[in-house]
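In what follows, subunit A forms one complex with subunit B and a second complex with subunit C.
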Partner chain A sequence: MIPSFDIVILIFLVVTAVIALTLKDLLASAMVLGIYSFLMCLLWAEMSAVDVAFTEATVGAGVSTVIMIATVYQTTRKSRD
Partner chain B sequence: MEAFIANFNYWIYIILMMIGLFAMIAKKNLIKKLVGMSIFQTAIILFYVSIGVKQGATIPILPEEAVHPKTTAGETSHHNGEDGDAHAGELPEIDAQDYTNPIPHVLMLTAIVVGVGTLGLALAIAQRVHYHYGTLEETEILKQIQSGQ
Partner chain C sequence: MKLFALITVIITGALLLYASKDFPAWGDPLSPANNSELSRHYITETRVETEVPNIVTAVLADYRGYDTMFETVVIFVAGLGILAVLRQSPSAGEPLPVPRDRFQERDMITIMTCRLTVPLIQLFALYVLAHGHYSPGGGFQGGVMFGASFILIALTGGLSEALKRLSEQRAIFLAALGVLIYAGTGLLCMFLGKNFLDYHILSQWLPDTTAVKARYHAMLIVEIGVAFTVTAIMFTIYATLSSKGRMRGGL
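Then we have the complex of A and B:
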């Protein structure tokens, strides 16, 4: 556990979470959520939970981003809040 | 300040969980609610993985020397392979303090997969809602339901 690296990733996590929720464009919101998931994966690799990091990179960041983009293309891109 | 830095993971865990809860309640768009749910789930996983972290510990995978001790000649290697139990005392000591606790990791692997399952199901329901009402905004859906009756 490297404390300074840890703190930088955690601050970026909060920033990306807030950005993903404030964007009006749902496609951009899904992409920022993918960035959030990859940052989470990096944090877990750094916290020496490598198995969780693998699963998050494939399932959390990969599959959930893809299905969210598929839903945005099936429905609408605009959001009011 | 020292305690704040030492428990920084837990502070961020609480902040992320409250951001996700706020989004699930206050955001009117259905996809935004699901983004909030995803953040909420990963915040709880962050809490569990933070429990297993130890200072100065490495990943919970044993090095090869700890499992198969090195042998000098081919003859002894062959002999060692036949009755490994007789040479078990030669194995180096494995200290649990050198490895992070893998139990929370294994629990959270299931939680990640379940999280993606719930997200996929909820997105499928959101697609059906959009197909039926033509919008993803909660207020407009409620308005259509009330005017229809």
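Then we have the complex of A and C:
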């Protein structure tokens, strides 16, 4: 574990989470959640849990982002709150 | 109301941060997880008992095989649930609003890129599945990647193109087949007189294998079952959500 790299990733995780919550545009929110998943994957890989990192990269950053975007396309793009 | 929710979230977060102080440090050799009898057994005996170098795969598919079986069932049931809630007949409701610019004129560049990359993605997915004993990977990851290749076809060539390659009926059949392969392997062990998912007895049936090698091979069989289910369900979820349950049109 590299502490400085760790702290950078953790700060970005908090930033992306807050951005994903505050954005009104759900499409952009889904994209930011993809970035969140990818940062999470980096964190797992860096803590040498490579199997978990692999799953996070494929499921979290890959397929679930696509599924969320597909759902946004079929519902509404703007969030009301 | 929003302020109330914010206060609740802040208090919960503060409590979690406070509790995390009690966790052992990362990689601490004296932490309880590293000192239990069980972890020591996994770390020292996995190579001897199963000949699988990647301990994670051995724990996932052999020692904790029962957990993994029901994880597969959870994915299967999640896919069935989405189908049960969202699936409609193709003619139901108003005609689907299709984004014009995406459907009428498909871009040559994206289609050719997709044609070039999909075989590579699928090959790599098979590699991840088959090489899970030696490197990170296995049924779940390989299956998700294989499903993602079908999703890529659906994104570039339209959902009908992807459904031509993996139709809805075939996807559901594959998903059920994956669970059947996993549970069937376990039942086979029971028929041969051992416990459910106790793979080493399969050496009676697999040609030219010792009891240790039987565990090694049974893990691959089980992972193939997981990959079938995950591939089919990932694609089914995407197809259902992107077409409002009509399996037609879509993104």
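In this section, the second predicted complex is superposed on the first by the 81 of 81 C-alpha atoms of A that agree within 3 Å, B and C clash if a C-alpha of one lies under 4 Å from a C-alpha of the other, contacts with A are read in each partner's own complex, and residues count from 1 in each chain.
The rule is simple: contacts are C-beta pairs under 8 Å (C-beta built on N, C-alpha and C of every residue); 3 or more make two chains touch, one makes a residue touch a chain.
Please read these numbers as outputs of a predicted model, since none were measured by experiment.
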item	value
Subunit B versus subunit C as contact partner of A:51, first or second or both or neither	both
Contacts of A:74 with subunit B and subunit C, given as first, second, both or neither	both
Residue contacts with subunit A in the superposition, subunit B compared against subunit C	B
Touched partner set for A:63, first subunit B, second subunit C, both or neither	both
Footprint overlap on subunit A, comparing subunit B with subunit C	1, 47, 50-51, 55, 59, 63, 67, 70-71, 74, 81
Residues on subunit A engaged by subunit B in the complex (per definition of touch)	1, 3, 6-7, 10-11, 13-14, 17-18, 20-21, 26, 29-30, 33, 36-37, 40, 43-44, 47-52, 55-56, 59-60, 63-64, 67-68, 70-72, 74-76, 79-81
Contacting residues of subunit A [partner subunit C, same complex]	1, 47, 50-51, 53-55, 58-59, 62-63, 66-67, 70-71, 73-74, 81
Sites on subunit B touched by subunit A in the complex	5, 8-9, 12, 15-16, 19-20, 23, 27-29, 31-32, 34-36, 38-39, 42, 45-46, 49-50, 52-53, 55-61, 100, 102, 104-106, 108-109, 112-113, 115-116, 119-120, 123, 126-127, 130, 135-137
Footprint of subunit A on subunit C - complex, ascending	2, 26-27, 54, 56-57, 99, 128, 136-138, 140-141, 144-145, 147-148, 151, 155, 234, 237-238, 241-244, 250-251
